[in-house]
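Listed after this line are the structures, all set down as structure tokens.
Each of the next two complexes has chain A plus one more chain, namely chain B in the first and chain C in the second.
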Partner chain A sequence: MRTENTSFPLSDKLINDFEVYQSDIKQNDTEKIYNIRKLAFADFLKQGLPTQTLENWRNTNLTDVYNETYNHYYQSPEKIEDIDKIFQCNVPHLNTLMLASLNGWYVSKDEALTKLANGVIYGSFAAALLEYPEIIEKHFAKYADNAKNGFTAINTAMALDGFFIYIPDNVEVKQPIQIVNIIHHDKNICLQSRNLIIVGKNSKLTLIHCDDSYNHQKSLSNTVSEIFIDENASFDHYKMQNVNNASTLINSSFFHLERNARICSNGLSLNGGILKNDNYVMMDGEGCETNIYGLYLMDRKQHIDNLVHVEHLHPNCYSNELYKGILDDTASGVFNGHVIVHKDAQKTNAFQKNKNILLTDKAKVNSKPFLEIYADDVKCSHGATVGQLDTEAMFYIRSRGIGEHNAKMLLMYAFADEIIQKISVEALRYRVEDMVKKRLRGELSVCDQCVLHCSHPEKEFNFEIDMTKV
Partner chain B sequence: MLLNIKNLHASINGKEILKGVNLEVNKGEVHAIMGPNGTGKSTLASVIAGREVFDVTKGEILYNGKNLLEMPIEARASEGIFLGFQYPVEIPGVSMTNFMRTAVNEQRKYHGLDPIPSGEFLRMMEEKKKMVEITAKLTNRSVNEGFSGGEKKKNEIFQMAMLNPTLSVLDETDSGLDIDALRIVANGVNKLRSPENSTIVITHYQRLLDYIVPDFVHVLFEGRIVKSGGKELALELESKGYEWIKESL
Partner chain C sequence: MANTKNNIIEEVTNSEYKYGFVTDIEMDTAPIGLTEDTVRFISSKKNEPEFLLAYRLKAFKKWQEMTQPQWAHLNIPEIDYQNIIYYAAPKKKKELSSLDEVDPALLETFNKLGISLDEQKKLSGVAVDAVIDSVSVKTTFTETLAKQGIIFCSFSDAVQNHPDLVKQYMGSVVPYGDNYFAALNSAVFSDGSFCYIPKGVRCPVELSTYFRINAANTGQFERTLIIADEGAYVSYMEGCTAPQRDENQLHAAIVEIIALKDAEVKYSTVQNWYPGDKNGVGGIFNFVTKRGICKGSNSKISWTQVETGSSITWKYPSCILLGDNSVGEFYSVAITNNLQQADTGSKMIHLGKNTKSTIISKGISAGYSNNSYRGLVKISKNAINSRNYSQCDSLLMGDKCGAHTWPYIKTENSSSIVEHEATTSKISEDQLFYCQQRGISTESAIGLIVNGYAKEVLNKLPMEFAVEAQKLLSISLEGSVG
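This part shows the complex of A and B:
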């Protein structure tokens, strides 16, 4: 029941823009897609932007974000000048196929879509709307539920670009695909991007998804990813978040699993003003497996809200969630875990765990692991812990001559390590180990991980992108 | 004199545990502290190592002539004090190797030395492991995680060997050990004995003292050392029991 006024400058602007920029919004759409957009827009008009009156948004206050003025863009930038130099990922030995977006728009030196001999297609979502409308129509807005919240609805209505990855049946993609979203603008910016990832029957894909910001302007990024994993297919997903404190990221991922499909998603949140990560997993077949992990290291006034919603529709499926967080200063965190085991989903195994360390009296966390079970032959557990560093362990470590600061570091790192060890891409794991150590020591700046090799933020910056790496 | 404890009073949550302990330890000596449960033996060990839950309300501890009570826990360790824990703490996620390397290097830093070269460190690890008959690879094992009772105690002596302390305080190192593990642990301690370092062995039973032979035995009772003597005092205690102490008071 909505009782308060849900009109904000941001929602007013979005509603206005949907009319004003209609021709830009529908430029790549088939009639069917544009009709989906219109329905989603109607959904948005009904819901507005999510406020704390909604259960899943109760502990995340975005009022300031909604009252901010942003620049919105409905056309891709003309051409990025001189993009040939610096764009590269500085993770050693991480040999990925890299795709990049700048302020929500796909950037590439070559064509906007690449089709490989084995049938793999990757590139710009906007381009895919034009070139592969039959694939898009089959999946677009099928898994993302516009009724979940206004952000998803308005994204379906208005997001124009993002990443499109299509893996046909029976293809094991050995090289991980890395998608890098960079936010860089000299003004406040609101961007909406849409990703569609399809992994065909018996296929395998590893995706590394990096959100980076470069400058210190305020930004709001609303990303919706729809991920379809067909029968016996396997999808490994890593989400790295290291954006500036003025950034708000709304990341909603909708996973749809067919019979015997498996996913493993690991969200590593190292920096960001407000991070909202919603993962919706629908296991729509027997024998599915879902592992979702998260690590969040927040300090200052940073806020993170992780939501994992898993539906067990059929028998013999497995789901496991483990989220761990360390919160310092006045940082705050939210964990909402919701597993629904439907009536027919016998022999379900479902586990949820959220563990937190609060380093100060002012840091706080709201944790709500929640199971909803309608089947009778299931094995489920859930739990949450909130605590401080173990004083016994602190004493033990210090009694060996290790100073208080380093003792804390060892314990915090040990706490985080359980999630880091779940990373199966070795080069990425080493990199994350290093980043987490730096982060815990307070040495990790946003620029550290940024793929743009710019160590002097005050310097005039041009987008120099080495397209040989893209 | 290496350690001089004068009229030490210590309490936890307002409850006084140590009620005026006096103890003098010279270099090269082994002292055994015995006594019934709950008389303050572990408290004394903890206060020497600097455990912060205890408040020292009166008295002083001089270590090498320095005021020990003013030093933070880690400085005491770097000054050469080692506490062998009665219940070694499990620290999941911290590997033994990383833990020991950090400890060795922090102590070296305290003394103005550069970090130990990697090869030298690994050789030292292997050598000390042999001394306490640890066969398992420690590289990938977290500190004490999944260790059996005996392994945990062996691990304490291993750490002691790695850190080469001047004063070791071994708190009930024999508890929970079978006779083989006890022998290994005691051998380790004996090998580390030198005219330059001292050991305080805290134990409930005389058994350990068959292996680690003390120069002095003290009986701690209700927060005070009520009786001191040579190693024969331990045997007398064993035959007469702690009731004998109570009666003689």
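This part shows the complex of A and C:
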């Protein structure tokens, strides 16, 4: 535990707001939930915001972010008209069930919560607090460990809305669910959102999670997702990040797997000021399988920090991590991998790999693939490489009459392709292929970058996308 | 099978530490505890020049401000720094002029250790500087080496006879405030070895230091300083043993290597301090700072270590690759058994252009031990076209031990290539079966496999050490089936 007392405008503001907006914060809470919030707040008071003195944060400097002043909102915004127009996805042939949030608040033109005939419930976390407190109480703050860092603690204490998805036992959700977070505000904004996703026994869910921003204001987004995957269930997770260069995203996902559950998570970070993606996977049963992939393409002053923490608690589990990144200009990338194989987790297979390409001398990479193993009958490996485009491959392509620029593009694309091919939703894969190509060509400009592809950025707050053209 | 396994493990864990004897030599000791007076006592006892005392006091002051580091994956029992004797020297009866006058008990000690200080050793061509309880007792071959201009003597002799060199280089690689244990050492170091190879000289023999902790309740704080001037070459070996005692003893040493232009230094260690008994009682805390700097272009520093002893090891031999085209190497086999803990690895700091480094680390953990590799590879902005290759493998024997890998990779330019690979596994049943089916007993098969596993590193050891290291390997692990 840290001993020094670090105080920043941001933490002071948050501490102050917890008291001032007490009634707003607890408006939907049951007593039990509010007690959890109070405990988490006490935890936050103890540890404060994470600084570089913490091992997992030592390569990500957020001091400037902490010293910034933001607007915080503890009331959901007015009902928004034309939701269809605001949140539309132009990914061709991608047929998803779309849920949307604006600045951390769930928005929809119908009910805040939808219950389907097969028992699937989805919608606003705030509404679920009121309507399904028994489900929330069972899972809320059970997997997200407040001790991990101050952001998780303060999120548990103060996040009021987000997404709630409940898949009962024995339901295979054919249509992927897509959640879109839009950050749009004319002032600096700090938002905290909380997602709870429960996949019941033998069920199956594919989730596409997009973070986008629409303007150029500074923002800090602190999102915590708790994902519970019950026995034999399967969960596919795609995370797309395309936010402006003034945005800071702190994304912490806590996966809890029961026996024979499997997850596949794919993080695609294409743009953002500072991105911190923490994935904690707890495999609490035999025969679990975890695949975590990540691709990051960073340029300018962008910074990305990916943390993958996988715990093998029981025998016969499998985990595989593959993170690849291309860093241009003065961008910096961090990979924190940590696999812990506990004492009884025999017959564990755990693999970790991080590969980086640095395009300039000012780009930086910090890679820390850790292995901590207490069982003997295991197969574990990790690898990390940092290098540049293969000169021989380059020569080969060029000797066949392809220009240097194109050859470079081809090689970079081939490097990224390994991750893209892991995307099993076909329409999404095509789209990501296209976006990665654009990104590598530098065409993915701030406005063109988002999945939404709004064509008239000068128009105010209106993501005009015509679905009929799709 | 399980039964044999248990027997074998038992056998291994019961295998005795054969260097655990105590020699009865009259000692000259400092009063127990550490204060500024202790530092002054040591300094005056050794009749040191003013600059050294000042250095010690600065370090002592710094040490008082620091706290013991907690980041390592080690469980270090609280150390009472006031309950340690910081200076223990074999009492000098009179000046020694020949080997015959050395205390026979002392000679006996070294004979037991298998190091004979007498001239017979000439045949094997090893010059030995023996350090007992941090005081250098006898250095062989000094004269032969002196003909070539090589200075190889105890650190205190160097302070008296070559103060300029000591003043220039001491603390230039490991500054006194580098870390907690380095500061402690800088304040209270009692002796050690000093070696200077002049320009263009290739040291004709292997230089060797043997460290031994003998007295009870003492800490050993020695310093080694090796300077290889332009175009020089030296191969340096270090060995260590300690008696069996119930309390833990502290060993906090510093090794500094300076390689100037075109120089090459090869530093090999077989560390076999008393590891404590099978219940984890006693043993040496081995907290050592070893660092070399490739100051000139085309220089090379190579660390080879075989770590089998110590109850706790905290040691990261490092290379600062400052000169262009310089090369750093680190080869390590670390074995932990019973309740031993080791957190060891290497740091390669690339600063110059076209610098190369290789890290090969093989960890073997058995019993209830924990064995960690912790390493840093840093390629700075100006280290263009640099290359690093790291490989760290862990072998687990038994399900109660742990093997961990904590690599740090920092790259700041686009023309360098860094590769890191690591695997963790146990001895495969296929390999064992293959050997057994050819009539090799389980025990020999394991010895064979482990030796093969460590071969890459053992090959880097000088002959004299390689033999000892192989024996040590088999003593430590023969027959453990994972």
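Convention: the second predicted complex is superposed on the first by the 443 of 470 C-alpha atoms of A that agree within 3 Å, B and C clash if a C-alpha of one lies under 4 Å from a C-alpha of the other, contacts with A are read in each partner's own complex, and residues count from 1 in each chain.
To be clear about the criterion, contacts are C-beta pairs under 8 Å (C-beta built on N, C-alpha and C of every residue); 3 or more make two chains touch, one makes a residue touch a chain.
Here the structure is a predicted model, which is why all the values come from computation and not from measurement.
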Query raised in the report: Thinking of the overlay built on chain A, is A:K32 touched by chain B (first), by chain C (second), by both, or by neither?
Result: neither
Query raised in the report: After superposition on the shared chain, which partner residues are touched by A:F415: those of chain B (first), chain C (second), both, or neither?
Result: first
Requested in this report: Go through the superposed model and pick first if A:K138 touches only chain B, second if only chain C, both, or neither.
Outcome: neither
Requested in this report: Report for A:E372: first if it touches chain B alone, second if chain C alone, otherwise both or neither.
Outcome: second
Query - chain A: partner with more touched residues, chain B or chain C - result: C
Query raised in the report: Taking the superposition as given, does A:R400 touch the first partner, chain B, the second, chain C, both, or neither?
Result: first
Query raised in the report: After lining up the shared chain so the two structures overlap, which partner does A:K364 touch, if you call chain B first and chain C second: first, second, both or neither?
Result: second
Query raised in the report: Touching A:E392, do we find chain B (first), chain C (second), both, or neither?
Result: first
Query raised in the report: After superposition on the shared chain, which partner residues are touched by A:K301: those of chain B (first), chain C (second), both, or neither?
Result: neither
Query raised in the report: In their complex, what parts of chain B are in touch with chain A?
Result: 49-53, 72-74, 76-78, 82-83, 85, 88-89, 91-94, 98-100, 102-103, 106-107, 110, 142-143, 159, 163
Report task. Could you pull out which chain C residues touch chain A in their complex? Result -> 71, 73, 379, 381, 384, 394, 396-426, 482
Query - In the complex with chain C, residue positions of chain A that touch it - result: 55, 343, 346, 356, 358-388
Report summary line: Touching chain B in the complex, chain A uses residues 390-393, 395-404, 406-407, 410-411, 413-418
